[in-house]
Amino acid sequence: MQHLIRTDDFTISEIEEILEDAKKFSDGRFERILQDKIIITLFFENSTRTKSSFEIAAKRLGAEIVHLDVAQSSTKKGETLVDTAANLDAMHPDAIIVRHQNSGVPKMLSNNIKASIINAGDGAHAHPTQALLDLYTLREHFGDLRGKKIAIVGDIKNSRVANSNIELLSRFGMEVILAAPPHFLPKTELRTTHFLESIVDEVDVIMSLRTQTERHSSQSYASLKDYASDFCITTELIGDRDIVLLHPGPVHRNIDICDALLADKRCKVLKQVTNGVSIRMAVLKKLITQS
Amino acid sequence: MQHLIRTDDFTISEIEEILEDAKKFSDGRFERILQDKIIITLFFENSTRTKSSFEIAAKRLGAEIVHLDVAQSSTKKGETLVDTAANLDAMHPDAIIVRHQNSGVPKMLSNNIKASIINAGDGAHAHPTQALLDLYTLREHFGDLRGKKIAIVGDIKNSRVANSNIELLSRFGMEVILAAPPHFLPKTELRTTHFLESIVDEVDVIMSLRTQTERHSSQSYASLKDYASDFCITTELIGDRDIVLLHPGPVHRNIDICDALLADKRCKVLKQVTNGVSIRMAVLKKLITQS
Amino acid sequence: MQHLIRTDDFTISEIEEILEDAKKFSDGRFERILQDKIIITLFFENSTRTKSSFEIAAKRLGAEIVHLDVAQSSTKKGETLVDTAANLDAMHPDAIIVRHQNSGVPKMLSNNIKASIINAGDGAHAHPTQALLDLYTLREHFGDLRGKKIAIVGDIKNSRVANSNIELLSRFGMEVILAAPPHFLPKTELRTTHFLESIVDEVDVIMSLRTQTERHSSQSYASLKDYASDFCITTELIGDRDIVLLHPGPVHRNIDICDALLADKRCKVLKQVTNGVSIRMAVLKKLITQS
């Protein structure tokens, strides 16, 4: 049984196959190939977009989704996480989609159960389907990505989206530059900068990350505005340069990206959402029908 | 793409078509014509009956329902309502069913997204599928409604159910009389009364509305009893007159309608619930397959 | 319309038929025989395992599940439980699966509505599908159960699982012994003991019940440890005796059963979970297609 915990669980050729399937699905060429399959969602962190995206992906292929309401679950009755998962596994689902606030939980579960585990985001560790949909969106736009440059902007240190994209986009030949204030930068061998202006002339893509206000509850609005004055992607910053804008959503308007650019053709935020469904269809197909 | 925000979004002939489809569906004549269609529910107000009714309607026609758990949603992460809807829309659902405590929200969303918006109740503005199922229930009972008289009773001023029924039933030829205490009456050109006794000899239908205790939290039980003594539909009031009783539910027993009448054949409350599923099937069919 | 409120709602021959169907379903021999059927879940008590098990059972047979979110439901709007159920019934579901903290609620509902009521646990009264899956698990292991002895261990007095198993397993020829501290024992004509050691040499099966910490919130950890020192099923207690261990889950590790035995082949806890899906498929088939 194959799992998807991190992007490097898949080889380049496996990813190419996923991108091809996603393209077919985007074009409406698909059937109920997952009819009679049962997929459990086990989300310990709230999520509108990712959970809905997986659910729609599964249902488009004819699979059945069973949501575990974790807030009301057995974990409240003194059951361990592994026991909860083992019990779910004993009902023989075909896959379990897990989101958890702690890094490593999906991996741990995959070591203990038979169903395919799909990581829908764990702590600051990984969010592989997000990186795959970003890759798909960029491939759709550019074709070959070798030699292209992307700046990832924002709270990179705490971002599973950044982690997964750094691994995946590097593997497909992109140069990754990290742009953030010092306290948001991880230890890295990648090129870094504290000044967006210094790299705006050379990048092909800017990926803005979500400012995590709900994780930094002590952070004042003043400091968010301070952040925005340096790192919000604005029309003044990029002008008419041919730069593709990505963001994993939900976007903080005028903190992450300005209103004008959100409405601009260079901004692919809604395209990412659309592509997310196709990528997740392809991932579900691969893990459930081929392993 | 056609939406259903208010009853007057549909012409008389469109409504006749919906009533005919609903009749077929009530007779069990339907197939999985919405197989592979995805319908999102986006309920910002709690609802048991309306949400379940839409869900059962959709599933009877083979569609898939994706519930957005709004309490846990991106709106908590600082995303605007329009952005949330635009993101859902980017997943290419076929329809989004919206309930919101503020009037006008479904209309606003329909201006910004591609999927069909179905209004499942917005503030005190409109509740079109409720009015359609009431129309269907009355047509089933009376046939032609021209010249028939209906008294709508209760907190009419704050009632989206009353608003939608006034528009729709008037259009189908009924005379509408509003019966309520002064503070529950809207400004209107319709005939009004504060005394049920004064109209009970001439009406063919009485539609009792739900006393909204949860919206008038300061209202004491004493005043609810006072209300009931004047406006509860009782056996003493209607005697053996041939009057059809409607209520959108949930009924406050012995405040809105007395126990005895709720068990009486003239009371169509459960018939309304049954018809609600058929009407919503017909509405979903029309909006999803014909636009 | 047939309901399942208690295990004695079914005759021996009906139960044999259910066990046969469950066996077929366990072997993967089933089709979408409940396609186009609508099943409502109405859970007034939280449940991960039972609700998911019913949901997966229903979906494996092609039925549609509609969850009523009771915490947000009409019961909050002053509607009685019977009215809520009557309204759901008016939408013509094929079955309603009910869990309620009060004994007798499923029975009361079955007297007032047309859909099949399936009791998923009511107060300390009954949990028939749990007993059926326990029976199935034991039959699978032993074949004929006549003359076999089972000790039920723990808070028997407050346990619907114990109640249903006592009725059902006795009917299939097992001798039931109750092992518990005095305050956990019901008035009974069955054999009882306060000392597990006194019966461990003669029993074929031990069914440990869940210590209900959430129902005895004043109970200190000290007393749970005291309980465990007398009634936890441990390797020291059963040694290498050929005893099958059952538990309805979720298990309190090292309070109900020790870690080592939970990993032992004699422990059928996960097998019970797997069998639960098959049994519930068989129950749904019987109630929905044959009545």
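Assorted remarks:
Just so it is clear, A, B and C label the chains in written order, and each chain counts residues from 1 on its own.
Operating definition for what follows: contacts are C-beta pairs under 8 Å (C-beta built on N, C-alpha and C of every residue); 3 or more make two chains touch, one makes a residue touch a chain.
Bear in mind the structure is a predicted one, so any value in this text is a computation, not a measurement.
Interface of chain A with chain B: the two copies contact each other largely through different residue positions, with under half of all numbers used appearing on both sides.
Taking CA atoms, the transformation carrying chain A onto chain C includes a rotation by 120°, reported to the nearest 5. Rounded to whole angstrom units, the spacing between the C-alpha centres of chain A and chain B is 40. Among all residues of chain A, none touch two or more other chains. Residues of chain B that touch chain C in their complex: 32, 46, 48-49, 52-53, 55-56, 59-60, 210, 213-214, 249-253, 270-271, 273-274, 276-277.
Within the complex formed with chain B, the chain C residues making contact are 36, 38, 40, 64, 66, 68-69, 72-74, 76-80, 83-84, 86-93.
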